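What follows is a short report on a single structure.
To keep things simple, chains are lettered A, B, C and D as they appear, and every chain counts its residues starting from 1.
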Amino acid sequence: MASNAFGTLFRVTTWGESHGEAIGCVVDGAPPRIALTEADIQHDLDRRRPGQSRHTTQRREPDAVKILSGVFQGETTGTPISLVIENQDQRSKDYGEIKDRYRPGHADYTYDAKYGIRDYRGGGRSSARETAMRVAAGAIARKVLARRLGNAFAVRAALVQVGPHRIDRSRWDWAEVERNPFFCPDATAAAAWEGFLDGVRKAGSSAGAVIEVVATGIPAGLGEPVYGKLDADLAAAMMSINAVKGVEIGDGFAAAEIPGHEAADEMRMDGGRPAFLSNHAGGILGGISTGQEVVVRFAVKPTSSILTPRASIDRFGAEVEVVTKGRHDPCVGIRAVPVGEAMMACVLLDHLMRHEAQCGPLRTEDAG
Amino acid sequence: MASNAFGTLFRVTTWGESHGEAIGCVVDGAPPRIALTEADIQHDLDRRRPGQSRHTTQRREPDAVKILSGVFQGETTGTPISLVIENQDQRSKDYGEIKDRYRPGHADYTYDAKYGIRDYRGGGRSSARETAMRVAAGAIARKVLARRLGNAFAVRAALVQVGPHRIDRSRWDWAEVERNPFFCPDATAAAAWEGFLDGVRKAGSSAGAVIEVVATGIPAGLGEPVYGKLDADLAAAMMSINAVKGVEIGDGFAAAEIPGHEAADEMRMDGGRPAFLSNHAGGILGGISTGQEVVVRFAVKPTSSILTPRASIDRFGAEVEVVTKGRHDPCVGIRAVPVGEAMMACVLLDHLMRHEAQCGPLRTEDAG
Amino acid sequence: MASNAFGTLFRVTTWGESHGEAIGCVVDGAPPRIALTEADIQHDLDRRRPGQSRHTTQRREPDAVKILSGVFQGETTGTPISLVIENQDQRSKDYGEIKDRYRPGHADYTYDAKYGIRDYRGGGRSSARETAMRVAAGAIARKVLARRLGNAFAVRAALVQVGPHRIDRSRWDWAEVERNPFFCPDATAAAAWEGFLDGVRKAGSSAGAVIEVVATGIPAGLGEPVYGKLDADLAAAMMSINAVKGVEIGDGFAAAEIPGHEAADEMRMDGGRPAFLSNHAGGILGGISTGQEVVVRFAVKPTSSILTPRASIDRFGAEVEVVTKGRHDPCVGIRAVPVGEAMMACVLLDHLMRHEAQCGPLRTEDAG
Amino acid sequence: MASNAFGTLFRVTTWGESHGEAIGCVVDGAPPRIALTEADIQHDLDRRRPGQSRHTTQRREPDAVKILSGVFQGETTGTPISLVIENQDQRSKDYGEIKDRYRPGHADYTYDAKYGIRDYRGGGRSSARETAMRVAAGAIARKVLARRLGNAFAVRAALVQVGPHRIDRSRWDWAEVERNPFFCPDATAAAAWEGFLDGVRKAGSSAGAVIEVVATGIPAGLGEPVYGKLDADLAAAMMSINAVKGVEIGDGFAAAEIPGHEAADEMRMDGGRPAFLSNHAGGILGGISTGQEVVVRFAVKPTSSILTPRASIDRFGAEVEVVTKGRHDPCVGIRAVPVGEAMMACVLLDHLMRHEAQCGPLRTEDAG
């Protein structure tokens, strides 16, 4: 079943288990003659790499990506791009304790219920390690989009909430995102989160998070009614990331609370071009981009791998306690930030290609 | 582009505009030998039908569905089921006022930006009228699921919030849902909403809503890692409904706020079967159903068609004021309740078929 | 299962049974702002219509097509185009004789084996009546291609063999195709076929045929390696037509017989442009169009509905004789000519859209 | 664009260039708990491997396949199976002569026309080397089918024509296929072909071939009307193999020549089961398997890489002569035999899964 692939025209198929020999992906449909090197992809991978602060897993993975096909003399050829990362850090670990036990909050039980077999090493296919390949594919999408949409184009994400602690949006500073270990746009919040997360870790627990992804320089017209809507595809893309439990576009759930005369974004002309006076809609109306910023948020549940003992069962039906030792992210949402960016980039490129297939070259002058 | 279709194996393609000659859909992939009549479908359509209370649009559409193919002697044949509803209530209206104006919050501007042409009659393809066909397809999915999963199976939905007003979940009563015009499971809240919505309507405004959809009797094992996850497909399905801005599975955004040692649902044995002690996850782990209730919520923004004048532009670039007269839902979220059920049913059937294709007959004895 | 649809971006879903209420299709993905009327489609349908000579079935079907959606003020809107043809000629026939019997050479037995139920009226879904909707969709594809590719573009087909009797290719005259009831490009052969087919009909038998479809004005570059090859998609498209048993591109099976130094088409420059000195390849190399004429042939078996008694069984396992009375084509291949054209047009448009999605606007100046 | 993938539920995505670092594929959708080792796959690969006689290319490729994911403790897990073969024999060759020249009969010109760039090393993506991954995927499909369909199941292929020389079908002996270097089922023909091909090779030319693929033990009911027909998918599968120019099912083009009263296969009961008295249809009626042997033939054109000089152009528009030196198959059709088997196996498994998704477990007792 083509369940390990996403995208319609810019099509990414990923493979690999957390502690198998390697993980990889095949990117089919990338436009030809785009300059692409391993370093382009590595740059994005490094942002997601574990072990960069005490707030992420201490697993050491160099995550060095190799391009095995689809690039010739530094340019894409239009044929499938095969990417692979060897799994270096396969500690010869004793899985005896958890190999028959279902870790609460993980997919151990459901994989076993579905397939009657599972690779129990580090979560196998259900591990968030798979998201490295999303980031790799996203790096390619970004390069294509940058060439097609020009300098106005950017996809950026930030952590806007850790556990119950939200940022103050009035302090939002994109530059700050690269300065703290949380991808947090609010320096004050970032400082507070340090202490909060240290406490969580010491308590043997974990914390959830909310990530906001913003795309700029996106022209009006991307998105396909009525099931290939841009927001529907973004929702699927974000919800498919490990541990995500909610997705919002623009105002999201808050949109349900405001009255209709405030909710709809009014329009005026600005310098001869259509302009919106607000962006409650998150840049999407009727599933099609408006030319404003495209704004998506998603919620990540707390890491399920914690030191606190939890009630569970094993595959033989015995009741057990499970404690997940090992190197785990106390807040897996942090490393989801570059993953969210990557998914946004892949969806946008896919829709750009879909649009141009049906409607011809996209007018890019109106991009917001 | 196959953008007007959803589902992989249970595949639904819809067509039609709000004020065109008819709307319809083609359901491809339905199992053979399922008893199916027009009355089966009509029953669900009637729940969504407008004009049933003063809280929904007064547009009068009998919405009488006809089966044109795929059913022979009262049973499905396995070939495409074509459904059509003629548009009866095509008032010979003067669209002069809005045909060149972009109604704020609607898809008027984005359709024009994308296609360079749009059917301006009642929103054309972007109208929520399209959702009638989702309900029709969902009725077929429900019949198949009921046969496959037995009496434990049900898909039900309820309105849990109107504007800023939420239900009291301790008063949840499914029977109440059919007794008030809001599909509200809390009789007290329903009574309060009457007054609230009357006020909204008189003020020429509108209100948003939150819908919760619950599937019971769903065995463990449905869902496909890692991009065909059950929750990813549900997110896309719900987000593709008109005016939806957010989707949650289980705890949703609240999951980001609770600590890890509370978030993961613990397991014990119950009567020889695996049992969960809570359902924060909404019945899905790693994209695969756990055997618990599958719980999805989605937020609907307030109807954009309101009597309050709003700033906009027309297609020639002139600045205008727009007032949307006509018969509109003050709270479009109400009629989204059966639509949410339908999307849930379609996604579940699709995944049941996908599961059995790869893994063989689903074990149904564990369904929660 | 999306088995009743074809095409990737220009996506056609058909529905309906031979003697049901109607047949129809949904065309999703057609570019916007293409002038389209029912008359455009009717013109192509009329070429396929039965009852135009004694060599085709005498079933009388006006086959009047209606456009139910996707066209506004005479132009496509980019949303799904729904087409429907009501079945007028549903003679209230007694099917008692064949309803439980499997007609040899028909799909009666296989549909029953697959689904455990079948619509036995006139073959139900397996009837060649379905091909009317291919012709309808092909008419739309042709209009789009004509606008995109200009006057050089044409898709034409001809009958080149009836039973064992082939045309003399040196007498090929496209104008002749419209002058005889066989779509035959060789007037002498057409005259001979008259007598041959009269004999076949009187003998209560039927005859097969070979159709050749030629597309001109197709630029180099259409087709997708390595499974979306233009020839692979054409092969599937033609083989999916009722009664087709073989498909060839260019020299086809004859290519296996000639030596390598004759087989590969040599190239020279001609007026500053690449030119091929022959077209053994049928205009496709490596699955991608060369800029030459695209040439496809397909073989149609003799109609299985004949007056000669044939041994068969019924669904209860009894051995029976089957005689197919009624109005049948003695040579079903004749009416397959416009169907072959339609499939060619649909495949070409789909590939044009796929190409432009990935590679940008197609260079049309080199089209052969 | 998902053009480098085939299959709907058993989905194979291939990647890699002839002289790149490696080639590989990802098999998504394989059922879980199927015993699978690298040796299982290697066995089939070795049948296709070059250099096994003087009649195939002397390129030496050990073609040692590695499984990188999707198999755990010797069994498939239901997650994607990643296969890779490193390209060992990347002779540091000077491509100067052909890097700007279009080899007649090859895809050099069309890739350049399409993408504006091509990997000229050994044909790049258009090389028949890609077919190794088809064979690898086919080996997995075969294992699954054998488990599902039992001992009656087999997919076998044979070379039935080389250049103009056909086998005598009365001498058909499947055991002979493994005894000569041509996969020829007729020992006498095989002996004659030795001399014929030696002459062709010495003349600096090449020869075409026809391959016949036969699947036995296939139950009735596989195949999806009307565009997912078993024969339509087989036609696409075979036509997508390098150098294939024609595909036939059963009688194929000969079906056009015989009268209707001979063409349709009659039925009788045999031991309480339906039985056909002949197999003109090649085991497929209405796109659905009949329970008989499924018979497909395809024609391969002569290798275009020959020593005889041929007229061509280069990418700058200059007229040139091209001679293809190097190690090439004088009859590329020979090594297409295992490739044809692999494609048949993949298509059959895909359809088995599609059938069971919609119609439930296939009845296997009637398989022919």
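Couple of notes before you dig in:
Here is the rule we go by: a contact is a pair of C-beta atoms (placed from the backbone, for glycine too) under 8 Å apart; a residue touches a chain by one contact, two chains touch by 3 or more.
Predicted model only: the values in this text are computed from it and were never measured.
Chain centres here are means of the Cα atoms, and by that rule the chain farthest away from chain C is A. Two chain pairs are in question, A-D and B-D; the one with more C-beta pairs in contact is A-D.
With centres set at the average Cα position, the gap from chain C to chain D is 26 Å. Distance between chain A and chain D, defined via averaged C-alpha coordinates, is recorded as 39 Å. Centroids of chain B and chain D (each the mean of its C-alpha atoms) stand 45 Å apart. Of all residues in chain C, those that touch two or more other chains are 1-5, 8-9, 14, 29, 32, 78-79, 114-116, 125, 225, 354, 357-359.
Residues 9, 29-32, 78-79, 225, 353-354, 356-361 of chain A are the ones that touch chain C when the two sit in their complex.
Chain C makes touch with chain B in their complex at residues 1-5, 8-9, 11, 13-17, 20-24, 26, 28-29, 32-33, 66, 68-70, 72, 75, 77-82, 84, 114-119, 124-125.
Every residue of chain C that touches chain D in the complex is listed here, in rising order: 1-6, 8, 14, 102-107, 109-111, 113-116, 125-126, 130, 161, 163-164, 200, 203-210, 220-229, 231-240, 242, 244-253, 255-261, 263-269, 272, 274, 277, 280-282, 284-291, 299-304, 306, 308, 310-313, 317-319, 333, 354-355, 357-359, 363, 366.
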